[in-house]
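The structure appears right after this line, and notes come after that.
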Amino acid sequence: MKNNFGTNISMTIFGESHGPCIGITLDGLPSGFKINLERIKEDMEKRKAKGSISTQRHEDDEVEIISGFFNGYTTGTSLTILIQNKNTQSKDYSDIQYRLRPGHADFSAYEKYHGFQDYRGGGHFSGRLTAPIVAAGSICRQILETKNILIGSHIEQLYALHDAPFSNHIDELKKQIQTLNKKEFATLDEQVAQNMEQAILEAKNEQDSIGGILESAIINLPAGIGEPFFDSIESILAHLLFSIPAVKGVSFGAGFQMASKKGSEANDAFIMNDIIQTKTNNNGGINGGISNGMPIIIHTCIKPTPSIYKTQETVDYKTKESQTLNIKGRHDPCILHRARIVVDSMIAFGILDLLMSSNANNILEKEIQHES
Amino acid sequence: MKNNFGTNISMTIFGESHGPCIGITLDGLPSGFKINLERIKEDMEKRKAKGSISTQRHEDDEVEIISGFFNGYTTGTSLTILIQNKNTQSKDYSDIQYRLRPGHADFSAYEKYHGFQDYRGGGHFSGRLTAPIVAAGSICRQILETKNILIGSHIEQLYALHDAPFSNHIDELKKQIQTLNKKEFATLDEQVAQNMEQAILEAKNEQDSIGGILESAIINLPAGIGEPFFDSIESILAHLLFSIPAVKGVSFGAGFQMASKKGSEANDAFIMNDIIQTKTNNNGGINGGISNGMPIIIHTCIKPTPSIYKTQETVDYKTKESQTLNIKGRHDPCILHRARIVVDSMIAFGILDLLMSSNANNILEKEIQHES
Amino acid sequence: MKNNFGTNISMTIFGESHGPCIGITLDGLPSGFKINLERIKEDMEKRKAKGSISTQRHEDDEVEIISGFFNGYTTGTSLTILIQNKNTQSKDYSDIQYRLRPGHADFSAYEKYHGFQDYRGGGHFSGRLTAPIVAAGSICRQILETKNILIGSHIEQLYALHDAPFSNHIDELKKQIQTLNKKEFATLDEQVAQNMEQAILEAKNEQDSIGGILESAIINLPAGIGEPFFDSIESILAHLLFSIPAVKGVSFGAGFQMASKKGSEANDAFIMNDIIQTKTNNNGGINGGISNGMPIIIHTCIKPTPSIYKTQETVDYKTKESQTLNIKGRHDPCILHRARIVVDSMIAFGILDLLMSSNANNILEKEIQHES
Amino acid sequence: MKNNFGTNISMTIFGESHGPCIGITLDGLPSGFKINLERIKEDMEKRKAKGSISTQRHEDDEVEIISGFFNGYTTGTSLTILIQNKNTQSKDYSDIQYRLRPGHADFSAYEKYHGFQDYRGGGHFSGRLTAPIVAAGSICRQILETKNILIGSHIEQLYALHDAPFSNHIDELKKQIQTLNKKEFATLDEQVAQNMEQAILEAKNEQDSIGGILESAIINLPAGIGEPFFDSIESILAHLLFSIPAVKGVSFGAGFQMASKKGSEANDAFIMNDIIQTKTNNNGGINGGISNGMPIIIHTCIKPTPSIYKTQETVDYKTKESQTLNIKGRHDPCILHRARIVVDSMIAFGILDLLMSSNANNILEKEIQHES
């Protein structure tokens, strides 16, 4: 469904970049969960544009919960979050209304909506729509954390620069995730972070932009979550991640490197620690669409921001004439560092929904133990 | 939903590798479509195990349509396809029932289903379940072809070997797709095909397996299909592709290479031919989740078959003791060439559903032209 | 899904009676539809509490569209409507927080939400939640009217009083619907209206309440809309109508009177006018779940308002002690006249969704005419 | 979705009256449930045409489970049931192919499917499609019974005859349900049963048909199941019940009689027994869409069978000429007694799905007890 996703919990998103506000409705949350509002703020901070490496459109992104929340707890009814759009400069867009911005949805939106779309600042296509997703994702993560399930992401690659890898040791990985979740520019290696920020500034100086890859880990997800086919962990998470504007690739575990491995290398041998685990984790914690108890590893490729100041070739949608385009306005030379928490949020939502489906299915737990 | 997917058309899959039969229900098809049964057979042939490069389990995979089909035409009601399982050797599995096969879903299935799963031949997790998907996909492709929408895939990479690329010229690409759709081992370069088949035999001789990457193209999909968020072309197709067993990565257009590009390289400049097009196609025909009229380009990474004859380390699920495992039975040293038509089928289903959603939305076409 | 319904268009509702606001998101609307805001206001007026026959809680119910609407037209993205709650007197509820109001959801809500529900004014269960449904329904009706599809309802029965019936002649019925759609107290017979208002005042004076039955008609719905099973017109409309608080019965055509008819009386003979029609309309315009071109006739039974001022027996949920209860606050002695437009709105939404599904399915219209 | 319904469990139905077979796929069942196949047979017997009061088309309706079932237990994957059509006499239909049968879906099907529908024996519209629903419903009921949740129905009214009412005492009601579940002609009063069978024979002798009302009860459903809006118990059950061919009305508790009650009569006072209960049950065990622990009471009105032997007026769809019609073939003079188990089955499916949704939502049960 267009702006709605999920089975046991669902989210519905709405709003445009330059409309009065944007928002999200989370439906199906359990009642009686104490939401940590401070934590939502912290997560919102991670998405905020700050300093010279991000756009100069600064929004305070104050989160207002207008339903489903009473006396500090979820009520169990649909929970709607609103975020006002305050710092909009719509006139930046009127003069390029028909000049199609390369890499953006301008042309495909014209074809789909016949010119009725809100073209200002990308309208409904804007990355701004991800702000309420972060607020909703924060609630989902808080719920998952009561089950010890942690999610964290780092910038695995930014243009030519690579971060240190996630640890193979679960205790060390847990610490890495906890550290990442306190950072605003999420790398495992501090020095790499500085180099990456420098690379973003260079791209900005060149009136250009850059992208990269985020690597995410989920730990302590019990084995047995997910389904063989359309509710496979991969299917659900990929569906959500590809809904984030600018994502062009998603892979799990060794991902596309699986193509260059033999079966004997790719297969993760089972070993006995206290519990059954795998020696390697090429499958990224997922076999047959279902968790195997190892960390879930996800790679999300985000293209360079399409809004660049360099002169670009384009066409005017109305006159059908070739044009050159100089984008004005305020834009991000890179969105990778801000997209990180959006990726975390989408993952949190998907995992919570899969957990709830699994819970639904345990309806006969006691009876089954009798039978078998 | 677990074994069901789709909005305007949906598919529901059922069956196990060693059960009496496997099948699929396609719901929501238009009535009055004349199904070309010969074409279904041809598509089924592409998935069949043949020769020494595939498993020796040979199934005739005869497709039986038991509902929704009358006098050669679709009736418009749910159409169910059955395929019998004939060549099963279930005893191959009983002695390894508890010895978890690395890379397979054995362990995660035990954790999920508490031992009640049909473990024979992978049960419901088996690639065999993709046979009815091919039959259903064939019907979807036939419908798309009445709209001139063509889908084709080739083996872009098989282990260390790479095929020639898709052409950038639409007419040439069309010919390539038409040629691919007649081939059983789908490469653009004939010599590469021979080398790839050789590489599969080598892997087989080593008692090992290999995987690779499929590249798919959709042509003549009108601009304006898809949605900004959860029904983005990327979200829907990735959801479907990740439901195919062994898929570990999906990307669109330049995919993960987007991470190493600058915005000025990645952006596809708009140019005026007879219609508005883009100069390059790094975005794989999709902007903001919506088609832009250029070919849709998809990459699907398939891991090496987990069933290998080499001795592997594992654990016995019941005794929790470490074990070695020698898989017997009949297995594919590579499934890439057979998976090709499954990928085509999933794509066809997804695109047809998105087209129907777009059709649904055109309810006011005439009225809107009045208004604006 | 809990607070979400629909296939091609969907609605998601949120809010509580005494929260800051209530609202709805309509997703899947076509782009480029010019919304008549004045018409929304008129429809909202029909639901408003007015005069002595309704509650004294007066809300201005100003409708604010915060997304999916640009320059007077729908954009085609999710359209969210907010309505502020202004006239709340929450203290009326605090002293009866645990004293379960008979006929209300207090007890079942405690059992479901474990006490975390917003108990003020019925919270999420309040009839107040139907205000945004009316706004959304008004948009749906406006769209349907471009197709000449009209919907209208009258108070068929209020306690012991019965209105005149709908006409059997389509032209007359059309006039009746048009007249009803201008009325705030919707009866076909003016005198009956006065008697009914009198009956409501009498119930009010007795500190009691009354209910009744609404009869709705849809005209000009083309034959062939709907599905044999789960998307039957009856299934979809009943699902929506039973989501309105206080509805306890839904029937179509002759409804429960079908039980006392013989087949020879109940069957609607086909006759040839300019087009094929039926002589009678016991089936309410629906055969096999699908429209037959005759007016769709629906009956919706609404129970008497559970909030009455008379002393009632109850139990305190906390102390588990028997109690007497005197409900205070402001309440409706009858909601039938206000519920009418809510019923119209639900019907409009359901019919629009079914029409869009039908449109989706016509994807091959031209090709099929070739074939057959 | 057309032939698919459900959230945590779903059913997908397929087949036509005169096709090779009909069937259903139940998806989302828990694994490890031991299915009592004998019980399925018993339930199928209740739907079978027997004796002179039903059609002479006798099908053995042998149920074949072809997936999702292994060694006597559910596997947790999609479970498909097939039932062969054996006793078909398709030639009975060819000569009336275009003569529209009054009360049937012939005309609406022509308009929807443009003549491509399988017209033989009602095709996909046939009551025959309910046979697999009974098999699936039997499995759902077996699962509910492990939770002590029992469902039973009786023929409340058949034409002019009325059965004795359900008891207001839960223990007595339980016995009534258990007795009903052993009967093939389900009345509480034995004498009434004989009179009803007599009335059916009389209608048959008159070449006519009759219908009536089924009353169903669900006991031991815990309080707190269901949702305020679109997943209200009423919405879900009505959706399912209106999907049964020939159902024209559904109501809960006092149903349409609510229209003639005052609030002080209609409200069910809360009283303290060992647990909180209500003194009366006009609301049929449901407040605000959610169970209150009292028996759920449902009324389903089924119209007289449209196939009657009496001469009827109609129109030929092809020639558009007025015609008389004498239906041949084998038909039921009444389907109420056979529909009873179909109603039970739909209810069982809906309640199981709602229970599973409730289970999904209890994900934080322990954590919440900590918090509050």
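Just so it is clear, A, B, C and D label the chains in written order, and each chain counts residues from 1 on its own.
In this text, contacts are C-beta pairs under 8 Å (C-beta built on N, C-alpha and C of every residue); 3 or more make two chains touch, one makes a residue touch a chain.
Worth saying up front: this structure is predicted, and the values here are computed from it rather than measured.
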>> Please identify the chain with the largest separation between its CA centroid and the CA centroid of chain A.
In response: D
> More contacting C-beta pairs: C-D or B-C?
Replying inline: C-D
> For chain B and chain D, what's the span in angstrom between their mean Cα positions?
Replying inline: 38
> Between chain B and chain C, what is the gap in Å from one C-alpha centre to the other?
Replying inline: 44
>> Using mean CA coordinates as chain centres, what's the gap between chain C and chain D in Å?
In response: 25
>> Show the residues in chain C shared as contacts by 2 or more other chains, in ascending order.
In response: 1-4, 7, 13, 28, 31-32, 73, 76-77, 112, 114-116, 124, 228, 368, 372
> Any idea which chain A residues touch chain C in the complex?
Replying inline: 1-4, 10, 12-16, 19-23, 25, 27-28, 31-32, 66-68, 70-71, 73-80, 112-118, 123-124
> Considering the complex alone, what residue numbers of chain D touch chain A?
Replying inline: 7-8, 28, 30-34, 73, 76-77, 143, 146, 228, 355-357, 359-364, 367-368, 371-372
> Can you list the chain C residues touching chain D in their complex?
Replying inline: 1-5, 7, 13, 100, 102-109, 111-112, 114-116, 124-125, 129, 157-160, 203, 206, 208-213, 222-232, 234-236, 238-240, 242-243, 245, 247-256, 258-272, 276, 278-279, 282-284, 286-293, 299, 301-308, 310, 312-315, 317, 320-322, 358, 368, 372
